[in-house]
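To keep things simple, chains are lettered A, B, C and D as they appear, and every chain counts its residues starting from 1.
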Amino acid sequence: MTLGAIRLFVTGGTFDKGYNELTGELFFQDTHLQEMLRLGRCLLDVEIRELMMVDSLEMTEDDRRIIVEHCERAPESRIVITHGTDTMVETAAHIGRRVQGKTIVLTGAMVPYKFGSSDGLFNLGSALAFVQTLAPGVYIGMNGRCFPWVRVRKNQAKGVFEAL
Amino acid sequence: MTLGAIRLFVTGGTFDKGYNELTGELFFQDTHLQEMLRLGRCLLDVEIRELMMVDSLEMTEDDRRIIVEHCERAPESRIVITHGTDTMVETAAHIGRRVQGKTIVLTGAMVPYKFGSSDGLFNLGSALAFVQTLAPGVYIGMNGRCFPWVRVRKNQAKGVFEAL
Amino acid sequence: MTLGAIRLFVTGGTFDKGYNELTGELFFQDTHLQEMLRLGRCLLDVEIRELMMVDSLEMTEDDRRIIVEHCERAPESRIVITHGTDTMVETAAHIGRRVQGKTIVLTGAMVPYKFGSSDGLFNLGSALAFVQTLAPGVYIGMNGRCFPWVRVRKNQAKGVFEAL
Amino acid sequence: MTLGAIRLFVTGGTFDKGYNELTGELFFQDTHLQEMLRLGRCLLDVEIRELMMVDSLEMTEDDRRIIVEHCERAPESRIVITHGTDTMVETAAHIGRRVQGKTIVLTGAMVPYKFGSSDGLFNLGSALAFVQTLAPGVYIGMNGRCFPWVRVRKNQAKGVFEAL
């Protein structure tokens, strides 16, 4: 597969939460995506761009408009988006209704990467694989699975994504 | 995608090496694959079977015959195999020449999972994604990339897999 | 040194904070002290007792009374207390004014143990060493250093303990 | 306690073993002691000096002579030495017979620091505490305990240190 570059848009979410030693609170600092790709010895041509750094519960319509516009304008036809899980389905729907002809996979993590027990590296690995192999469309890639945006919801009680 | 179960054959390799405190040597104990799937919050229906636990440099023709037979006999049509990287290409070729009609992805790690800085979780995530989405055939999934078995070699000097 | 058992009182604090995957918040579940002693291959005779599991900013006078009483009544003359750092000095003062003839070391962590980058294991190792070697009195053991309770304050801006 | 600087001599041992991705073997590269002190948020004035980087089973009489000389010549009266566990007792005896008037604590690890499950940080924390509080003499600080060099042996079968 020679696919050209993959675009990786960072929007925040649990993935990138860190721990503030002085306040004892979780916060966003810089993205850990470069470090994660290095850890995975990833040899794909991935272009990272940080669009925002927010908790997905606080993501606004403006934020979603920015994400959609970047998906439309990106020269790459394969895009991975890291995103908080709480409103991932909603953002996927925004993109799915507007962006055509590109394979776009949203992924995230239930536990911050910086915690020892994060699922982030697993999800990133699978999202980058899905984005190379799936037909154009907008998907959510979590828990080893991949769902088209029109057929997925988050089960908030269990913290997992399910097929509709 | 409703795909039915994925078979995961464990053969050893760096993935599963542990550290023996008493001798200071690396060794194989039990596989960490269950733990890794749990860490990745993997919700796929994965059936793990440990076929052997060897360093791939010490894998014999008998070992490869056993792997091929298990691939042929497995009821699942989607199979991931964890394998040492040194002779992963050779085992892929053995399978590729004999097994038809199944999607089989070999994967591994450059650093043992039990070390903090392992690429194993990333590779496992991508292998499980590739095996769900690729057409029947035998592939090597490493470093975020996926190669058909006839078009890949390991660059021993760099420790990475490259297209032929 | 044959010292008999060391008592370890757990009161919560950053040491034992975990991450709730469903809410994205930090919380207290069970103590990680047993796991940490196992990780440190600790061979001391340590008796762990969980007194409470609170953020030290929310520790009440009742909580401090309970801690003091347990220090007084414990048959052991050497006691380590894990405690949130924010009010560690205050609790040390409560104990210091009331408990005589015992060596008591309060310790904590700036980063939860479950995060990859915690200082907890280092602090626990040093607290257990200080408690074996120091004369009776109440001390704070943090950052590799040990301070008598009457001569220490927390520098909140820097997140470290300093001599008065 | 205002003690002036503590000298930290690095000699190698399990503490500092890394994993060579290309060969799959354990090896010595650079010491991780600075990183460990940073992780422990250590605020002691510690001067690190790497004397050698060897497996303690391969330590020669010349190596031990070098260690003894550095202990004698160091301006600091408090010295921690990181050392492989297999011959730690032997090196402690060499130092104990020759160096007077200094508190010297040898410590090590059963599992390399770079592995997730290392006891190294715990042992380093306790060694730095013991060296500040014990009377002049040569000690082995492992497993939370501290032994004068004349009263300790390594139980090779269990991988722990015991009082003679």
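Throughout what follows, contacts are C-beta pairs under 8 Å (C-beta built on N, C-alpha and C of every residue); 3 or more make two chains touch, one makes a residue touch a chain.
Only a predicted model underlies this, so the values are computations on that prediction, with no experimental measurement involved.
Homomeric contact chain A/chain B: same residue numbering on both sides for over half of the interface positions. In terms of the distance between Cα centroids, chain D is separated most widely from A. Inter-chain spacing, taken between the CA centroids of chain A and chain B, is 26 Å.
The centroid of the Cα atoms in chain B and the matching centroid in chain D are 39 Å apart.
Between the Cα centres of chain A and chain D there is a gap of 45 Å.
Of all residues in chain D, those that touch two or more other chains are 110, 116-117, 159.
In the complex of the two chains, the chain B residues touching chain D come out as 14, 17, 19, 21-22, 24-26, 55, 86, 110-112, 114-117, 156-157, 159.
Every residue of chain D that touches chain C in the complex is listed here, in rising order: 1, 36-37, 39-44, 46, 110, 117-119, 121-130, 132-134, 141-146, 159-160.
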